[in-house]
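Lettered A, B, C and D in written order, each chain numbered from 1.
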Amino acid sequence: MTVRVGVIGAGWIGRDHIRRLTEIVTGAQVTAVTDIDAARAEVAAARVGARVCADGGELIAANDVDAVVVTSWGPTHAEHVLTAIAAGKPVFCEKPLATTAEDCLRIVEAEMTHGRRLVQVGFMRRYDQGYRQMKQVIDSGRIGEPLVVHCAHRNPTVPESYHSDMAALDSAVHEIDVLRWLLDDEIVSAQVVTPRSTSKRFAHLKDPQIMLFETAKGVRIDLEMFVNCQYGYDIQCETVGEEGLVRLPDPAAVGVRTAGQHSTVVLTDWVGRFVDAFDTEFREWIANLAAGVEPTGPSAWDGYAATVISNATVEARQSGRIVATDMKPRPAFYGGTA
Amino acid sequence: MTVRVGVIGAGWIGRDHIRRLTEIVTGAQVTAVTDIDAARAEVAAARVGARVCADGGELIAANDVDAVVVTSWGPTHAEHVLTAIAAGKPVFCEKPLATTAEDCLRIVEAEMTHGRRLVQVGFMRRYDQGYRQMKQVIDSGRIGEPLVVHCAHRNPTVPESYHSDMAALDSAVHEIDVLRWLLDDEIVSAQVVTPRSTSKRFAHLKDPQIMLFETAKGVRIDLEMFVNCQYGYDIQCETVGEEGLVRLPDPAAVGVRTAGQHSTVVLTDWVGRFVDAFDTEFREWIANLAAGVEPTGPSAWDGYAATVISNATVEARQSGRIVATDMKPRPAFYGGTA
Amino acid sequence: MTVRVGVIGAGWIGRDHIRRLTEIVTGAQVTAVTDIDAARAEVAAARVGARVCADGGELIAANDVDAVVVTSWGPTHAEHVLTAIAAGKPVFCEKPLATTAEDCLRIVEAEMTHGRRLVQVGFMRRYDQGYRQMKQVIDSGRIGEPLVVHCAHRNPTVPESYHSDMAALDSAVHEIDVLRWLLDDEIVSAQVVTPRSTSKRFAHLKDPQIMLFETAKGVRIDLEMFVNCQYGYDIQCETVGEEGLVRLPDPAAVGVRTAGQHSTVVLTDWVGRFVDAFDTEFREWIANLAAGVEPTGPSAWDGYAATVISNATVEARQSGRIVATDMKPRPAFYGGTA
Amino acid sequence: MTVRVGVIGAGWIGRDHIRRLTEIVTGAQVTAVTDIDAARAEVAAARVGARVCADGGELIAANDVDAVVVTSWGPTHAEHVLTAIAAGKPVFCEKPLATTAEDCLRIVEAEMTHGRRLVQVGFMRRYDQGYRQMKQVIDSGRIGEPLVVHCAHRNPTVPESYHSDMAALDSAVHEIDVLRWLLDDEIVSAQVVTPRSTSKRFAHLKDPQIMLFETAKGVRIDLEMFVNCQYGYDIQCETVGEEGLVRLPDPAAVGVRTAGQHSTVVLTDWVGRFVDAFDTEFREWIANLAAGVEPTGPSAWDGYAATVISNATVEARQSGRIVATDMKPRPAFYGGTA
């Protein structure tokens, strides 16, 4: 059975997911596309033989749409996700699930009222081989109980439109999600300290930022968030436990020796770093839909937690204080502990 | 347009390719399966909704078969490939193309008579990211003209049925193909020296073997072929040029520190090592078919060369002598130099 | 000319330096030893043909003592160093220079009054090949202006007598010194956050601790100080600049592949990690003395700074607050900026 | 007790050993120097307060010379070593012990007649930390019985005076010695295959050369000897056993990330690669002399074996044949098996 997918938002990431669902993932077909820019929707739809819908509501309601992908502008996510839930249709929403904790909670409540998970949020790192290996090592008990996690998230550059809050909201949110999952633990406070900013970029931007998180179990996380590091796209993560540690590998790359140097390439493109994770994310999402089981990826609750924690991180930076996250108790509906 | 594929041979590798064409590669559908063991064909076909054909001839002739995959027992390959060529149908043949140079040449001649490439041989290493990066480095001129290549090909164990000739015919044949492609060069002689054999395995088996190859351009290759190395499946390749070298990476894996050791996993399974290469191989094969262009993977001529060279390697080991390969001149039909 | 050295304190580190000055460093001879435990001094002296002095005063005054090494109990350092300065004799003092900032300042003032550097403090990491290479890279400008430094300092275990303050005073003090030197910068504040402590060790001990430092130039440093990490003695340091980063290597060790694992040894002994640094430290100290030039190693001012900063770190942990270091202006006498 | 050393030959390596015995190694003093170029001897001697002798004979006979270091031109080694043995004085001889097997045997016989080991040959790799770790791993049985060894020995460039035979006589002789010791085994045959030579250097020079050795126990060794590899001084060694492998590490060096590359320095200077090994070699030689025990380093028999095997390697290259080494039976006097 082919899963017929409608895509809301035909920007860069929307078009990439349309390509993925068409060329990479078996068992799926993009049947409908919509975008606030109708011409853009037209081009994206034509490329894969889909039709264009006037808006998200029409697309979600369409008979030839079994499941919805939301890749529109962040502030519109909540509305589309709520509409999909109301229609009883599975929905994959790129992060953020919603820009406010309140909207996230409305989604959580709507889904619980529906009685069955429909929502998956697009945190693709959980599908990365390295993080998955790390989780296996942690869960195996080989390194003992986790105590400390060191992370670095570096982009070569960002455009001038990128502002200081985005370091938490757009970038660190990936670590926030993946660490909650890795550790099976909840983040309860955030602090941000700021080195002097790199002179290579914009006066308006605090970059790098050092983010410090504490979890319910008492794990301490430090994250260097540096979006104009110049040299490459570089994701580091090391979890230190009571008896050992586990560290994310660098992507495999040939080693070259010339002129007194041994060198390997550092990626400069985040797409290359996580392309396999994106593919696996969608392959598993479609496989679950085809099998008629609930999604196993990041839930609406995870989307809520990520929004609460990233908002707290923004507040922590702006205020210079340690900010406790103010999260509701986790409903039994979502299982697990984090 | 979906490419409808018939698969001849439903053993382990045949079933894996059926799964791959069904679940991993978009744009393909397995419509027919045959096997010398009808029950085995039945099971494999049923799983993907294909029908069973009585034999390879019937399958190749079928109207709902656009392209053929040959994964039957090696000695039957030539017949099926020749039948497919006669039917004008594209055919993907697992290695070896044929067990004798003569049969390979019959295929080459049939294909040239047909006037257009129909045959692709299943040497998947050309699709491995590491080898592809290595080829880019070599072709870029960064390390200068290649002079020496060091290889190791190690399996943890092989079954008792594995005999000394298979080290060249079944195992080293992968290096033989990928090195011809990497270096854009032809292998002109082979020598084999044998250390004392490991005591861990069978008295009948010469293992490890050190294979030495010389190319037309004067490159020297050494290959340690060790199929009972116990510790893992480990593929090493280093090309040394006039100004530098390039080395295949180990697969990326998390590093773990416990109890006075830093360790990473070494794969013990060749499937895991080349699973992405297999997927890419079939994705590109199907994409070429869908686009109506000739296959871009290993050709019938490459299959011929691999058979000639691996046979020469067997003779070299048995005779203890350096054996010159006795290869026909390369037809212009196949382009390139190797 | 052989430099005749008197050693005050024949405990483990004192005896190791006596061995070093006798067997490893040319141009030096240990002529006198003293210790609060006379029998211990006797044994240590006899081994190298030195004589025993009744106390530090007698040793420092002795005609056959050209230079003094202080390896006695920390609280006695200041007195011995001041006596040596009063005698106009060069003195190498193991860290800490003194346990209070006031005593350190008395030494600084005494030395300035003397008018020439006599004091060197035993921070051996400045002599480690890895840190030296890192400093070369930073000073070369290759990575741009430093912005962030990540450190980890892990011991396999410590004895029960180790208490939470010692993480800063005895252990992190090495990073405090080497980072001031690496960055040519001063540390101006400290903060400590504490994960839940490892269950593997003592209830009285906060371990690990995450120490956060800020420098005058705005660099942010995080240091994981974990003295019961179980798995090994492991020193990590990574400096991130505006255009790149530089990372300390692990000690070179053979790689071994067996049973599905690639592994290298992690040292479990800090002596092995810095043995070459200790040797170089004393070789350079003696070479300077033999050449009649002032010591080029860590100065009394560096000793003062390390004491101020490590004391501030203790206060930061105890108070839970960010503590600004309260350091005097750097006298021109000591050159440099940090 | 200080060991008084006389040095015959004040060329580059002689002067470096004089410096080492003076500045690095405790317990030794260079008291006499001689050289065929008297002015050169004068300069070298003056620097360390030694006196100049007219020739080797005078130096060996001198009362203030307890032990002799021979670093003169290779063809003169045998004469000096034999004179030292006749005088009953310990002698450290840089490789080769002698240029012919016959001269080596004369030394062996003279030493056996003397009845006690006096001779140590300057193969410093046995003192390298990496090779020592490798030997520990092999001897521990962790990788099982050795079967194959892969080596590479690369220099960035050599002067025009370097000729093809020197690849075996001067360069590969280091691997020949260290492998006999590592494996506790004897080399029984040599073969050389030659890729086309690098165009970067001299027409007269076969470079690189692939040397293949077989041992008495049936181990196969391949050695890429490439003295104009351009990119660096690079020593690789990997021993593959029945259950695993062990590989020499690269020298520790900081990792740097800039501009899309992760890079570490490759040494371009062999002195830097083995400086610690040289220091340890002389430290242990002097310590043995001071302790009055026989030398524990490479023996006259090892010097003989290295000369026989490297000469066979030259013959193998010149003839294009596999050449069996023609070695006398190992006398019990030298213990061991290789």
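The criterion applied here is as follows: contacts are C-beta pairs under 8 Å (C-beta built on N, C-alpha and C of every residue); 3 or more make two chains touch, one makes a residue touch a chain.
Everything numeric here is computed off the predicted structure, so don't read it as measured data.
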Legend entry - Co-neighbours of chain B and chain A - touch as defined: C, D
Legend entry - Farthest chain (mean CA position) relative to chain B: C
Inset, instruction - Take the average of all CA coordinates in chain B, do the same for chain C, and state the distance between these two points in whole angstrom. - result: 58
Legend entry - For chain B paired with chain D, centre-to-centre distance based on mean C-alpha positions, whole Å: 44
Legend entry - Distance from the mean Cα position of chain D to that of chain C, given in whole angstrom: 38
Inset, instruction - Quick one: which residues in chain C touch 2 or more of the other chains? - result: 230-231, 243-245, 250, 257-259, 264-265
Legend entry - chain B residues within the chain A interface of the complex: 22-27, 129-130, 133-134, 137, 142-143, 243-259, 264-265
Legend entry - For the chain C and chain A complex, residues of the former touching the latter: 144-145, 147-148, 150, 152, 193-196, 198-200, 208, 210, 212, 214, 217-220, 222, 224, 226, 229-231, 240, 242-245
Inset, instruction - Report the residues of chain C in contact with chain B in the complex, numbered from low to high. - result: 230-232, 234, 250, 257-268
